[in-house]
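Two complexes come next, and they have one chain in common, chain A, joined by chain B in the first and chain C in the second.
Let's look at the complex of A and B:
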């Protein structure tokens, strides 16, 4: 059951406070990794393959090593020949026999100046045999396609993981008999979608400083989402004792999933282990663009059967995601896509599959809500096409088929706290669904579900005799506001103080407050549990002190405004600091996340190769959008986005609204403009001048609506908040364009040119096909 | 981060000093005013000057001066200053529109009119990081031999991306240059050359000092329409500037100028011919837009496909024309 808030009601939880890192960031005082200075630090640079696919016949570093200022060179020849620790062991720290994408690290150099390091890179002789690259899903899956990993059969992999030539991930969920149901359906609607790859879009490029310590250890300053697990991975790889490796997280300039995996840290560490001086590696924007863990490009085919009364009877869906050169964490998007595509709709017959393929492109990674924007776009535009086929309003059609309390997920999880209809209705009402639209305007709606994650987290809360309240958590603040927003609120609620007076100590592994990191919307969920447990313990200790000091019954003591006092006589009390002094100078406690079991599945036999089918504390989100389409240019202007999100309990509503607004703008970029372009030598648009993220001038009016349906599993009833709001707005924009133009959009992003081609196509279909003779060929 | 290559910075004490330094250092020197174009390009190693001559101290070249003969704008006047100038907004609305849609407010605060006119031509294969260009084998505009867009082309086809240039040509502006041999004036229409590597007639040792806009006869209207993908930052994928003069309901003079379709702004005399002598009825505007469509020949070196940009020529020409036609 959701834990009750102490003293009856909420006084801090659910109220608005500035996050504790806001002032430092706005004033430019926050120090990011690149701002750190170390006396005598060496500067590092990374040599990267210019070829999407090449065999490396020889690497000779001797000429580079003799250049002035060069202190260390790291490459395949002098770093451990063990694969990185992923589910498929297909990747090394440096390219060894093959370079598999343009930008893959081949060597790294540390020198006294950056210029010397770059000069040394140019003097490393690499003998490449250029191979024909695999640059698309179609090329990867074609019969007789060149293999991105010719030696794939020799790779170790975790149990159940599919690996077969260029296919490096596959999962399927089946329920009922889809073939029969499709045959019997009143109508079958089929839609095909394509998605371009994108970047996480954080502003601070990856950077790290590594320093070998006199005791044989290593310290790494970084801006990571998961410094504790990064540290374990790095220590194991270089065979260092874990307790001698320290990761110190700095302010992080955005991450969005792109900073879960080690990047600059690897190369700074590999070089620092050869030197007795700190090594500093700061990626340029271009280099960060090459080293990106991208949002998956891919495609989807969805076929649904519907009865004449508007009831969905069957869905067959097939996703193929471009995983890039290495499997990494790329399979998450495929696992999530099959969980999303039929939800939150009651469909008795399902056959849902997703495939991950290797190509000679950048590695696809866990970008905010992996697979979420893509799968939600596909399924929700498809649902509107089905609704149109049965002549039903999109909102009515969704409500007709939507999950209710106690319905089951595709994998057979019995669902509780199902707020799908509530969020859908809230978004529809807010956008003015059903009221007339001017010409070339359209409204669209989309609804989906998502999970919460509970990692492992530890925290320490202490009240000192000077009255200060300190929270130590391993959770890194990467910009989401989970650590700097929610954690102080949870502590302030329990210790009767204000969030602004809580000092935060975050994500330094020397603090021994483990945290499994930011990802999967886990931060407030797992770190929140740890901080909550510690804060409750401290509260009880303070009450015990006050009991004696005030000679009052425990039940009569009130905590508030930084004091403990007797109910009804506020003058009869002591401050938190005085209580700490009475307790010997400090009152402190540690806390950790409790053991929370995954929900059970009633029909595990429906799953094939699926290890992510039981979703903890699921939440529901709906977005509605209103757009204006310029029929002559195809340009889409998004006027409004409304997102209604079930957050369980809104611990930090201001922070949640920030997540919803940020998610809407990120989804706007996904839907309309963001697209990695690959040329013969890799990514064409690594810079933010050419990779078209929305600007503030493109951002629409965004209305966040917080819906509270407390979970049974989260701290104070919370659910994961960070990822859901990026999943639905893109789909809502897609449906709004559908209704403004009459054409369901199938190729994302909806650039003006694609929308214009769609319009030209439909004009050609209805008037004269000769009007657009050559343009129509490329349109589907 | 991308770093600037090493260079010596010499702030100019006076215009004569700046001209003198250019004469002295020759090809090894470049001038900078706002730095919004030059420094970004230097970071990509598109320019590696040994000496950068700073024009920013020359505050005397920052002004908007109206007179009976027209308006004179100092080359170092910031784009923000021009965008906010009430005389420009009321008398030269197309210039107001053009400078208002350049890049971002921050860059307009730094960027100058002279810098926008002398904006380096742009291309998908040129405006790339050094390593990227090296992997491709470079192009003729910098470090290489051939054009990557049109391998058979003897000249570079990088695109003129200045929003102000087509408008200045449409208005019949004159540009003043200062060089070691004194000063000279060049009509804006003759300033630009269709060569992506040498896009101006300005000699390397000359400095653009002033833009003179002529006084416009009564009944003159002008407009600029820009196609871009976002509402900020982006260079034009296409731009159309139109200037029309109407007397007693009849168009007596017209100029239609396209940008971002060639290495120089492209004037379309056929469009003007379709308008002059008419009452600017919808058919005349359509014919002029058709002429713009026929005249623009975009290449595959900016965002957007060739067919799309070509189609949009007609749409944007028609919109700019409609904005100028009486009754609009």
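Let's look at the complex of A and C:
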């Protein structure tokens, strides 16, 4: 059951407060890794392969080592020859026999100045034998294609993970009999989509400082989404005792999934272990672009059968994602895509598969909602094409087929708290669905679902004699405001104080408050549980102190405004600080995430190689967009985006709106302009001048709508918040362009050229008018 | 080692002297030499706007300006917005109140550009705001809260134009002329 809030309803939860780090940030006082000063620190630089695919015949560092100022060189020859610990053990810290993407680290140098380190890189002799790279999905899957990993058969991999040549991930969900249902369908609609790869787009390039400690340990200053698991991975790799390795997280200049995996930390640490001074490594923007964990590019084919009455009867879907050169971590997008593509619609016959392939490109990683924007775009534009085929309004068609309470997910999870229709209706109403649109304008709508994640989290809450309230959580503050918004609100709610008076410590593994990190929309969920448990414990202790001090019955004591007092006589009370003093100077407690089981699946036999089919506390989100298309140039201007998101319980509404608004503009970039471009020598647009993220001049009016449908599993009924709002707006923009032009867009991003070609196609193809009834087109 | 060049510069109202390499950027000077790390480096190529400072009142990408070119000029960084007593500038106040920041990395640049905008256009329209801040990328907020914060700051400043929190010109204009 959703957890009840003490003392008769919410007083702080659900109200608006500035983030606890806002003042430090506007003063310029919040320190990010590159802002730290370490007297005498060495500067590091990384040598990267210039070739998408090459065999490394020889690396000679001797000339570089003799250059002035050079303190250490790390490369395959002097670092552990063990693969990194991912689901497929296909990657080493430095390229060893092969370099598999242009930008892959080959060596790192620490020197007294950055200039000396860079000069030394140029003096490292690497003998490359250039090989024919695999630069696209088609090339990877072609018969007789060169193998990105010629020794793939020798790789260790986790149980159930598919690995076969250039195929490094595969999963499938099957239900009913799709073949038969498609044959019997009144109509079958088929759509094909392609997606370009993208970047997370955080503004702070990755950076780390590492220092070897006198006891043989290592301290790493970092800006990570998951310092605790990074630390475990790094300690194991360098064979250091875990308790001698400390990760000290700083403020993080955006992350969006791109800072889950170790990057600069690896090389700073490898060098620092050879040095007696701290080693500092700050990536340039170009280098960060080369070292990116990208949003997956890929393609999709969706074929749906529909009955004459508008009921969906079958869906066959096939995704192929480009995993890049190393894919131990990249399968999430493929697992999520099969879970999204048929949802949230009742379709009795399903055959949904997704494949991940190796290419000689940057590694695809867990960018905010992995696979979410891509799969949602594909399925929702496809759904509009099906609706058009049966002559049905897109909102009506969705409502006709949408999940209700107790419906089952593709894998047979019995669903509760299904708010799909609520969010869809809210978004449609807000955009003015059904009212007339001017020429060359269009409205589109999209709806999807997502999961919450519950990791492991620990927290400590303490009230000190000076009245201050401190929270120690291992959950890193990366910008989302989970740690600096939701957590203080939960504590303030229970201790009768204001969130602004709660002091939050940044994650530091020396605090031993474990947290599995920011990702999977987990922060408020798992860290929220830990903080809630600790805050409740502290509250009970404070009440016990007050019982004695005030000689009152526990039930008669009120906690509020920073005090504990007897109901009806506010003057008869003590402050939180006085209570702490009476308790010996401090009242404190620790809390941890409770054991929360994954939902059960009624039909696990429907799954093939799928380990992410049971979704905890699922949530529903819908977006609607209105666009203007210039018929001469194909340029799309997004005028409005509305997103209605079910957040369970809105603990921090201001923070949630920030997530919705930011997600909308990231999705706008995904839909219209963001595209990593690869040439024969790798990424061509590592810079922010040619990789086009939306500016304030591109951003539309955005309306966030918070829908509350409390979960049974989350703290205070919360659901995961961070990822869903980046999944639906891109699809809504796609559908708006569809309805403005009459041509469903299939290649993302919708650059002016692609939209213009689509318009030309619509004009040329008179049959498209028959597919799309005039009277419905007018009202969108 | 290239010969270093002596410069005199007024930073946040304080006269400073430094010896800089001819190729050093204003950003390196501000962050490295003066330790004013509130100004951020997001790209180093003038596209993201995170390193924006005001040079003689005009927003510039500090990564694209040579430190020697700031000789005998006024530089305002985010640290210079706060009053001597530590109070927030109305623009800072508005960004806090409107939740116009998340990760905070673009914030210092956004703040000084907003100060420059509001000195030039005290009552900016939404279009004015979007045009003035188009050189600043923000990946977190979606910009809506930033537009609101600038509007709010404009109203606060208009209500109290003599606000002591406003940075005062450090010295007369005549001193800016360069040899």
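Note that the second predicted complex is superposed on the first by the 764 of 780 C-alpha atoms of A that agree within 3 Å, B and C clash if a C-alpha of one lies under 4 Å from a C-alpha of the other, contacts with A are read in each partner's own complex, and residues count from 1 in each chain.
The rule is short, and it goes like this: a contact is a pair of C-beta atoms (placed from the backbone, for glycine too) under 8 Å apart; a residue touches a chain by one contact, two chains touch by 3 or more.
Keep in mind that this is a model prediction, so the values were computed, not measured.
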Touching partner for A:654 - first (chain B), second (chain C), both, neither: second
Chain B versus chain C as contact partner of A:35, first or second or both or neither: second
Chain A residues touched by each partner, larger count belonging to chain B or chain C: C
Partner chain(s) touched by A:142 [first = chain B, second = chain C, both, neither]: neither
Contacts of A:284 with chain B and chain C, given as first, second, both or neither: both
First (chain B), second (chain C), both or neither touched by A:697: both
First (chain B), second (chain C), both or neither touched by A:18: second
Touched partner set for A:82, first chain B, second chain C, both or neither: neither
Touching partner for A:689 - first (chain B), second (chain C), both, neither: both
Touched partner set for A:26, first chain B, second chain C, both or neither: second
Where chain A meets both chain C and chain B, residue numbers: 34, 205, 284-285, 687, 689, 695-697
Contact footprint of chain B on chain A as seen in their complex: 34, 48, 50-51, 102, 114, 205, 282, 284-286, 632-633, 673, 679-682, 684, 686-687, 689-690, 692, 694-698, 751-753, 756-757, 774-775
Residues of chain C touching chain A in the complex: 31, 35-48, 50, 77-79, 81-82, 88, 92, 95-97, 99, 101-108, 111, 129-131, 133-147
Residues of chain B touching chain A in the complex: 1-3, 40, 104, 124, 127-129, 131-132, 134-136, 227, 229-234, 303-305, 307-308, 311-312, 315
Residues of chain A touching chain C in the complex: 18-19, 21-32, 34-35, 37, 201-205, 251-256, 284-285, 478-481, 654-655, 657-658, 660-666, 687-689, 693, 695-697, 699, 701-702
